[in-house]
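By letter and in written order, the chains are A, B and C; residue numbering begins at 1 in each of them.
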Amino acid sequence: MQPQVKHIIEAALLAAGEPLPIERLRRLFPHDRQPEVAAVCDALAELAKDFEGRGIELKEVASGYRIQVRAQLAPWVAQLWVTKPGRYSRALLETLAIIAYRQPITRGEIEEIRGVALSSSIMRALQERGWIRVAGHRELPGRPALFGTTRAFLDYFNLKSLNEMPALTEIRFWSDYDAELDPCLAAAEGSNTAQAAG
Amino acid sequence: MAGEVGVAKEIREEQAHARSTAAVAKIKGEPLASLPHDLYIPPDALEVILESFEGPLDLLLYLIRRQNLDILDIPIAEITRQYMRYVELMKDLCLDLAAEYLAMAAVLAHIKSRMLLPQPTQEAPDETDPRIELARRLQEYEQFKEAAGALDELPRLARDIFPGRVPAPVRRIERSEPVVSLRELIMALADVMARAEHFAQYAVQREALSVRQRMVDILSRVGCECFCALADLVPAGEGRLGVTVTFLAVLELFRERLIELRQTEAFAPIYVRAAAAVRNSATPGNEQGMNNP
Amino acid sequence: MQPQVKHIIEAALLAAGEPLPIERLRRLFPHDRQPEVAAVCDALAELAKDFEGRGIELKEVASGYRIQVRAQLAPWVAQLWVTKPGRYSRALLETLAIIAYRQPITRGEIEEIRGVALSSSIMRALQERGWIRVAGHRELPGRPALFGTTRAFLDYFNLKSLNEMPALTEIRFWSDYDAELDPCLAAAEGSNTAQAAG
């Protein structure tokens, strides 16, 4: 008996060990019997529904779909491993955050924002983890490399796209401050200031 | 270590001083009478704290935040004094003081000197006010400092996210063959030709190709049959050209001593067979090729 | 809400990546709330039942329990690891082209044209692919093999006979032409041109 499309997809997602995009799921089937993209999507939706109320969930991340333990059950499952994953240094996290929000960005620009020189070991560590890559070069003397984040970065942090990253706090401008300082002035200049700040 | 404790004491005094003088600080334009108590820093922890600053911007932010000052209205003179205290302390503790700390000290001193100059009070700070640039840099840095914290809080693999992974039945992994286009093949040959200047001696014309093919056809055919009539080697329907091509191929094969020709008497049919050596070793009819010796 | 024991066990088995014995499954729970062995066994039996008719199954092996892909799904799941076809080397393509135009030809003659020694692996690869074969031997010392192309070669390149291969004079023109073209454009048009030439 031919297994259902959704069961084949479930088995493949669990066997793959990495997120699988829809195209790769379609290629599990012989050429002449490849399900349409819509059919694969339907099967994925059914799977997600089957998992409701259970310990696992279907999650779409940047490079495709994966089956993972539901967040609520993570504390139990984490008991399986004695050693806990290490922490990342603030310098590494700040660098990664700047690249994620400001990409493509050169090393010099990162240093400008952080106000300190950037150690090579941090950039190497980020590249070795596959979280950042050289996305191009800026047309400046020395053609400095432009860095950007990878799909692996998004996968690691359980994100589907950069849009899902937490929003940055807004930068206030001097004009905002003036408005707060002097309500009368603010009333008079209201529209101008808002535009300048926007 | 005594010196360190001494400096630490100084720092605490300085912090107390900052608290007492911070009454000038404003939060959203409101003067603050008293500030929340700053954290008491045990002397042993000082070094750890100082080492934990990510740079001059981080240190400045710390000084501003612990006094609940507004980044857009920093009391430059006071902050500069506090900043220099920390920088001196880092020097005293022989911390690897990055040059950026001193560069920032210069920026602060520059701003301070400008503030001392008389200014037209009624005008809003113009574009050249160096405090604007400092406030922008501080805010921008703080943005990413917070973003780094938020990033750290995101669920991540192996800590909060555990993907399912199960074994699959072992199966012979299929190997697929590389794809080649005819164009690629031709371009490869063009390369050979370009490289070999003496290629002219191998020059082959379109017409010659059919002779070459006929040579191989004949060779494989005579390999499997003992004797083959020359006439039978000419495929039907090829006309005069077919006869010519076959004849040329036979002559070429004969010249290369790949075939033997037999004729029992004059004007009798001519028979073709593979040369003795070819006969013994070729694998006739095996189109898929033979295994390498 | 406290998740069901069965769901915690399912999540742990999926995340572990190795078989888990019953004792290890019990230790996922806090000391004072560890389920009895019988309760764990019940949960495992329920899980096995849940998996019926699906693409995965619960299996007891020597070192404990594990969830695995059902054998019937192997044909589909194995597609995940089908390797993408590689590319042939320049040397192999040149060798093939020389054999096609100069057959029957010995290895030594190919080397003479290319100006470099010919590796055995290339000739073996071409023979394994079924594109060339030994068509005879030249009556010279050592009786070197004479190579020619096969019908499979013609079929692959969609040719009825060697006559349909472009004449060498045309090739010379092509290469000059390509040099002037943007390399990307030339690559993109590769297949079209090949069809036109065939």
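Convention: a contact is a pair of C-beta atoms (placed from the backbone, for glycine too) under 8 Å apart; a residue touches a chain by one contact, two chains touch by 3 or more.
Just so it is clear, the model here is predicted, and its values are computed rather than measured.
Participant: Could you say which chain's mean Cα position falls nearest to the mean Cα position of the entire protein shown?
Facilitator: So the chain nearest the centre of the shown protein is B.
Participant: Going by the average position of its CA atoms, which chain sits the greatest distance from chain A?
Facilitator: C
Participant: Once you find the CA centre of chain B and the CA centre of chain C, what distance in Å lies between them?
Facilitator: 24
Participant: Distance-wise, how many Å sit between the C-alpha centres of chain A and chain C, to the nearest whole number?
Facilitator: 31
Participant: Please work out the Cα centroid separation of chain A and chain B, and write it as a whole number of Å.
Facilitator: 18
Participant: Quick check on chain B: which residues sit in contact with 2+ other chains?
Facilitator: 162-168
Participant: Which chain A residues reach two or more other chains?
Facilitator: Residues 11, 14-15, 56, 67, 69, 77 of chain A touch two or more partner chains.
Participant: Taking the complex as given, what residues does chain B use to touch chain C?
Facilitator: 162-169, 171, 173-196, 199, 202-206, 209-210, 212-213, 215-216, 219-220, 223, 256-258, 274-275, 277-278, 281-283, 286-292
Participant: Please give the residue numbers of chain C that touch chain B in the complex, ascending.
Facilitator: Of all residues in chain C, those touching chain B are 11, 14-15, 17, 56, 66-71, 73-75, 77-78, 80-88, 90, 93-94, 96-98, 100-104, 113-115, 120, 123-124, 127-139, 143, 146, 148-152, 156-159, 161-163, 165-168, 171-172, 174-175, 178, 190-191, 193-194, 197-198.
Participant: Which stretch or stretches of chain B touch chain A in the complex?
Facilitator: 28-29, 52, 54-58, 70-73, 98, 100, 104, 124-125, 129, 132, 135-137, 139-152, 154-168
Participant: Give every residue of chain A touching chain C within the complex, in rising order.
Facilitator: Residue positions touching the partner: 3, 7-8, 10-12, 14-16, 20, 24, 27-29, 54-56, 67, 69-70, 72-73, 76-77, 79-80.
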